[in-house]
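In what comes next, subunit A is part of two complexes: it sits with subunit B in the first one and with subunit C in the second one.
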Partner chain A sequence: MLPTSLDEAVEALAASPAAVPVAGGTDLMEAVNAGRLRPAALIGLGRITELRGWRYEDGGTAVLGAGLTLARMDRPDFAALIPALADAARTAGPPQTRNVGTLGGNIATAAPAGDTLPVLAALEASVTLARPGATREVPVSHLLTGLDPMRPGELLTWVRVPLLNAPQVFLKATGRSGPSRATASVALVLDPARRAVRCAVGAVAPVPLRPLEAEAWVAGCIDWDARGEEGVPAIDPAASAAFGEYVATACVPDGYGADAASGLAVEGPTAVALRLRRTVAVLARRALGRALK
Partner chain B sequence: MTSPTDTALAPPDAPADSASASASAEGEEGAAQPFGLGSSPLRTDALPKALGIYPFAADLWAEGLLWGAVLRSPHPHARIVAIDTAAALAIPGVHAVVTAADLPNPGEGDAGAPGPGTDRPVLAAGVVRHHGEPIAAVAADHPDTARLAAASIVVEYELMEALTDPEQAFNAPPLHPDGNLFRHLPLRSGDPEVVGEVIVEGLYQVGRQDPAPIGAEAGLAVPRPDGGVELHLSSTDPHGDRERTAACLGLERDRVRLVVTGVPGATADREDLSFQVTLALLALRTGRPVKMTLTREESFQAHATRHPALLRYRHHADAQGKLVKVEAQILLDGGAYADVSSEALAAATAFSVGPYICPNVFVDAWAVRTNNPPAGRMRGEGALQTCFAYESQLDQLAARIGVEPLEIRRRNVLATGDAMPTGQAVTCPAPVAALLDAVAASPLPALPVDEPDTDWLLPGGPGGAGDPAAVRRGIGYAVGMVHMLGAEGEDEVSTATVRVSGDHATVICAAVDSGQGFATLARQIVQSVLGVSEVYVAPVDSDQTIAGPSARGRHTWVSGGAVERAALMVRHQLLQPIAANFGMSVELLSIADGKITSYDGVLGMPVTEALEGKELWATAQCRPHPTEPLDEAGQGDAFVSIAFCAMRAVVDVDIELGAVRVVDVTVAQDVGRALNPGQIEDRIEAGVAQGVGLALLEDLRTSGGLLVNPSLTGYRLPTALDTPEVRIAALLEERDVVATFGAKAVSAVPAVVAPAAIAAAVRAATGLPVGRLPIQPEDAVVA
Partner chain C sequence: MTNHPVHPVDERPCASYTLRVNGFERPVTDAWIGESLLYVLRERLGLAGAKNGCEQGECGACSVQVDGQLVAGCLVPAALAADSEISTVEGLSAGGAASDVQQALADSGAVQCGYCTPGMAMAVHDLLQRNHRPSEVEARQALCGNLCRCTGYRSALAAVQTVADARSAALLEAEEAAAEVAASAEPAEPAEPVQVQAESEVPDLPVYQDAWTETAAAGEVPVFGNDDSGWIVAQPFEAPPVYDAPQAYAASQDFEAAQPFEDVPPFEGTPMPGPDQSAGGYQPLPTAAGTGVGVGVVPPQGYPGYDPTAYGPGTVYAAGATYEPTPAHGTSAPGAPFEGTPAHGTPYEPTPAHGTPYGTPAHGTPAQGTGYPGYPDQQYAGAPYEGAGYEGTPYDRTSYDGVGYDGTVYEPAPAAPYDAASAHGLRLPEDDHA
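Entry: the complex of A and B
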């Protein structure tokens, strides 16, 4: 099925709830080709042009179409709007993948290493789920954690992202220079209006993790009034480093990776956990440093 | 020295686009093309491959074909209690299901086919010894049906403990009737009692690199009316494969024909025996053509990998750093089946000290059987693992004595005429010192200090997490060596036919161009010898005369030699009547620039005129001098010739995240004679890329014998951003007098040396020991 409008797509999905909507298909078709997935039917979303752009709402929110491609998000106009999301989209894969892969697809696939997910979590974005005649708004984090999952027949249509007009950073540690899956990623956004720092760590757990206590603590360490003045550090480097450690300890449990090793009970953090913590700590410290530069 | 074809080179100022455009129109414009030895014509398949129109084996098609699929073992070690194929056969569209019981000769043990892998069954019978070992195969009218049917075969397993630690192989119960030890090779040379003033020790580990061919295994088998079968696939050893396939199928060898098609570039042997025999068996069973293509995951399970290795070294030196004694223990994990482990072990042992002189050497090397994926041939097997170890040792020694890494190498280098620890004198050119000088003299890449921060390509990649403040640059050097041609008494021979018909020539030689460029080289040889510009290289099949496998850098020498001899014989036939006509001997005529000219330049005629209406052909063989096996003390003249290479790697390391980016690799290589400089540079770049992969990225991991990352997402190959700028500091042309054209094989040695050079550079940047490949981020983090 190849609907050309959003309404058509929603109707089609309601009519056959077993069908799987497909946008870029970069994850889905790989699973189909490998025989892991045998969808009863596919609903191609590629012709729904209204989902491929974005619009503004109330002056403070961008409503992004689920069909927005990763390549489009990397363009300068979008990057000026939501820089961290653009950074995440840029590193999400090779050009072939980014040209067809979509924001909605990234959310629906909900891969642990999905690059846009920590950014959406840090931005506290929400998604619109549509079915005939009705829509509902769900925070991305609720959707990802399964607190409020997608129901059969629902289509992910829009992603609402608050516009913060402040520095935001996405950093990703990978095993190679070329496009690669993240071993850990950190998204960090500043919200000067609320004097808040929001941070999410990706790829270390099935869903992005928010170190809420570390966020609150570091927001108190930042000299918000010094921002913008030449030569005045907005934060003590020691506090920045401590923030990194705080985030890492909060997001990487002691027993991380223990099941893969031996299955034995562990005392203290495993070597894998220590290594991952160091990576996350460096990423978080650098992300904060870049955001406050 | 001026070669007779130098004058015929294409003008160097010819615009590049016209060169590539005319490449497709070759034939009409043949004379304007780079011509003869020493020039760099483009590969004929380069453009089709770049454009995506080259037909690979997976593109083969035959009317009414069936699709094959294989059932593979999900366990690394298990006894097969029963196989029930009834459910699979009951599926509509399934035409045949075969197991080991259907093979006239299952290929295991003494009854097996000759050649490598004699201990390896085509389809597992009784026991599976590694994850992914083929057990049964299906032919059906649709690929999905075939896969579904393969999955519905019920196999009852009795699980057995998997032996995955090669160090345990010695004491573990035997996994195979042949035992767990493929080979133990001791090397004893000199006085064991000597002790050096300085002693450095190290333990080194090399992971499992996969050849990861981008073209996965694929082929088509067509039954013949005479009861035989024709196999179309990208074999790299058509005759060897035919012999083995015929033996396993219980057929006369003439009943099996192997047509080489769509070789996608191979750095290892292509299309394992099991694949070929199974495919042929399905075609014979069903009486219909059968096509089979492996998925990426199956491809990782099916083909042989590089030998993971554990190496323990102790170097003794005097106060000046001159080597006094080297002691080493080398353990290669050969995986479930023997394959070429014995050969790899010979190289590892013989080159355990590297291109250095050491009077006292004591090595024990073992290749053992485990339930890990089978290891086999892959560029520089054996030589690569030890290169990483001995070069790491030399770095350690330099640091201990307090001299530069380059200096410690200069003090110990091997030269032509020196003896190796195996007692063999290096009679071929060994310009190791000159290679080191060449890379040392090459300018270093600039630091990006003058460029804006945003343009820096930091470790971690563009848009990555790199921080210039945490980046350290390191420079590392390494030299290494690899042998050419079969070692230890293996009979090396190749046959080629050259035919001249009117204005064009044809080369018929069963040497497969697996990317090493043999087809291009054959063309150049005939152009040089006969002055004919249009040279076709016939497609390869097993009905042609034997040329042997594409491996160990042998075709340039053996098959190139055969082509040259055949061409010279044709030349003689061509010139004899002309010489008689001119009243002089053949030796006084030369062919250059498309003309036959007498020694004094007075008499002459164009080659095309001399050839008009003629049909001349000749067949010749080339067989290099024999070698001998290494004896029980590791002594013997085991190698025909050796190639050397020196490299300098420059890396940037993010010392907080452990991310490494190779900035630049500068190479000086001993090539004997550059027959096609462009192709040599390509091969060096390819070797460096593969070396970068092993040094930093590529590791086919297993957990309890099960493959963890058999996909191109999990198994990380270097991308264009990971491969460095490769600069050629020198291609040293010191001719090897016994080699064809004096040329040495070029493909393997860069892959051997690059990992060692990169490890040395990471060591220089971080000050950490770096004892394993691939280097993990945690190995490069300075806490």
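Entry: the complex of A and C
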């Protein structure tokens, strides 16, 4: 069924709890085609027009509809608003899936390689979950880590993102040059008002990771007053490189990729871990460099 | 995270709905709700143009347009596309003739096995609808979701430019003609300004020519209104074509059993001879929606001007030279000197049998089975390589750990000197900034 308003959809989901909400269907139909999912009923969210745009709220917050498509987020007006989210959306799959795949679907799927997730984590966004007659607000990090998961019958409706009006970068390493899922990704946003750097690393773990210590350390290394001035480096290149290493070591554990079943005691980081760390370090260093350019 | 209940009430919930495909209403009855648009188009509606390459959204062979947007047909639940406008590759070739996009793809050599072609044609069509003058980069980005195992994409990109050029030339011509008409109707009015405008208009077409770009309020995605604004104009509605095929397959909802459609070669409108036909099989109809033209690129034998006898052996060519059989390699043709294969002026020698060492490989790339120059004694046996473990290229002095990684933990190089160069050794401009 195809409800045209949010209330209708929430009611429909409550009335038939076995039904599956479908936004773009790009993740859902993949599971159906592969035989991993047999939906009892489908509730299409594509006709709920209010969820397909965004609005602004006092205090510098953008409220993004869950039905905002990845392709829409790539357009210049949105990219001016939340550049890192636009960058993430631009690289998330081929045009055929970005045309219909949605922000809400990306969050609800919560795939490790979900490209919007590290950006939302770095931006410290929160989501609104709706059920008949009630809504609740959950930070994205709590939702993704399972601290406060989505409950059956709930619909993800809005994503609240603070507008920082400062450089933000999303970088992604992939296995091939065409559209593909990330092997590692880094989202980095500057918060000049608080003189803070916020960074999240995606695809290396089931959920995006925040290297909080590295963030705090590098924020102290940045010459915030020189930022944006022509010819004045806002940060020492050595500090920037060290930040990359710091982030990588924080997010990729020594035992990454080790075969626990083999019973071999592993000393030091595995080769896989070293390689992934190198990738993450380069992404993080570059992201910082671009943000401070 | 996804909150799908695990207790299916009905094992196979079905629905009946009507799809609007290429302007025709196509009823679908008692279809499982999990069926993809691709499956319904191919197996229930007999529109086998869109191909099933992966069912996972990766290959783009199933690309169709839903409400004017390019999507992977395999990832659209057909039941939810019920009141959408669906265009398939069959709609491109209205009336059975290849569209300009399809013709250009065929002409530029972008069709080899042809499996990707319907999807590629839809992607090119979609791109040129949105962007009349795509740059190379824009074209690459638009086609990046369409995998082709045969051609290497160059020819598809060339086809994009060909169509773009042809269309803008046609547009210019039409406007010039209109200007001329206007000028002859009103001799006092000089035709000059109109022409200038026409020329400057062509390269400046907006990149995203969505119907809403003009009216979009910031932050809102206007949807297509009830007043028809923004809709892709549907083809005029005609009587729905009568199909007798789908039910035969609907009865056995087994996907395997429905495979025969896979094998119907995409020949235009020519009914396939064979038992399938008499048994109520697939009957291509000469309507836009129903031709079932899979590729629609190779003109059928019998297109106006085709003369099957024209190119027989011994036919006199326009230049007057009689056709002669291709000379054997190495022989110089009498008359016109043969200027074919020999690379770099080296006299061509017959390919040695597999396994014999090759004297001096003309290009340096040894063919399979020839000895590798420099290791004249090591002859490559031609068998699949399965010798001692492939060591791989050491990745910046860290041990190789890719395919064939056996769980052994290699000793990492002691503190690989990390010199702030990027992973692949390239230094990007921002490396100096950071």
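Just so we're on the same page, the second predicted complex is superposed on the first by the 288 of 293 C-alpha atoms of A that agree within 3 Å, B and C clash if a C-alpha of one lies under 4 Å from a C-alpha of the other, contacts with A are read in each partner's own complex, and residues count from 1 in each chain.
Quick note on the criterion: a residue touches a chain if its C-beta (ideal position, glycine included) is under 8 Å from a C-beta of that chain, and two chains touch if they have at least 3 such contacts.
The structure presented is a predicted model; accordingly, all values stated were derived computationally and were not measured.
Student: After the superposition on A, what does A:37 contact: first (subunit B), second (subunit C), both or neither?
Tutor: second
Student: In the superposed arrangement, does A:108 touch subunit B (first), subunit C (second), both or neither?
Tutor: A:108 sits against subunit C, while subunit B stays out of touch.
Student: With both complexes superposed on chain A, which partner does A:286 reach: first (subunit B), second (subunit C), both or neither?
Tutor: A:286 sits against subunit B and subunit C alike.
Student: Where does A:278 make contact in the superposed view: on subunit B (first), on subunit C (second), on both, or on neither?
Tutor: Both subunit B and subunit C are touched by A:278.
Student: Contacts for A:140 in the overlay, against subunit B (first) and subunit C (second): which applies, first, second, both or neither?
Tutor: neither
Student: Mind working out whether A:159 is in touch with subunit B, subunit C, both or neither, as first, second, both or neither?
Tutor: In the superposition, A:159 touches no partner, neither subunit B nor subunit C.
Student: May I ask you to decide whether A:181 touches subunit B, subunit C, both, or neither, giving the answer as first, second, both or neither?
Tutor: After superposing on A, A:181 lies in contact with subunit B but is clear of subunit C.
Student: Is A:248 in contact with subunit B, with subunit C, with both, or with neither (first, second, both, neither)?
Tutor: Touch partners of A:248: none, neither subunit B nor subunit C.
Student: Looking at subunit A, which partner touches more of its residues: subunit C or subunit B?
Tutor: C
Student: In the superposed view, which residues of subunit A touch subunit B and also subunit C?
Tutor: Looking at subunit A, the two contact sets intersect at 34, 94, 178-179, 275, 278-279, 282, 286, 289.
Student: Report the residues of subunit A in contact with subunit C in the complex, numbered from low to high.
Tutor: 2, 17-18, 20, 22, 24-26, 28-30, 32-34, 37-42, 44, 46, 49, 52-56, 68, 72, 75, 77, 93-97, 99-100, 108-110, 143-144, 146, 149-154, 178-179, 233, 235, 237, 240-241, 245, 258-259, 262, 264, 266-272, 274-275, 278-279, 282, 285-286, 288-290, 292-293
Student: Could you please specify the touching residues of subunit C with respect to subunit A in the complex?
Tutor: Within the complex, subunit C contacts subunit A at residues 1-5, 7-11, 13, 33-34, 36, 55-58, 60, 63, 66, 69-72, 74-77, 79-80, 82-83, 123, 141-142, 144-146, 208, 216, 218-221, 223, 395-396, 398-399, 401, 407, 409-410, 412, 416, 418, 420, 422-423, 428, 430-434.
Student: If you look only at subunit B, which of its residues touch subunit A in the complex?
Tutor: Subunit B reaches subunit A through residues 144, 147, 295, 297, 457, 459-465, 467, 470, 656-657, 659, 661, 696-697, 703, 713, 716, 718-722, 777-778, 781, 783.
Student: Along subunit A, where are the residues that touch subunit B in the complex?
Tutor: Going by the criterion above, the answer is residues 34-35, 87, 90-91, 94, 171-181, 183, 260, 275, 278-279, 282-283, 286, 289.
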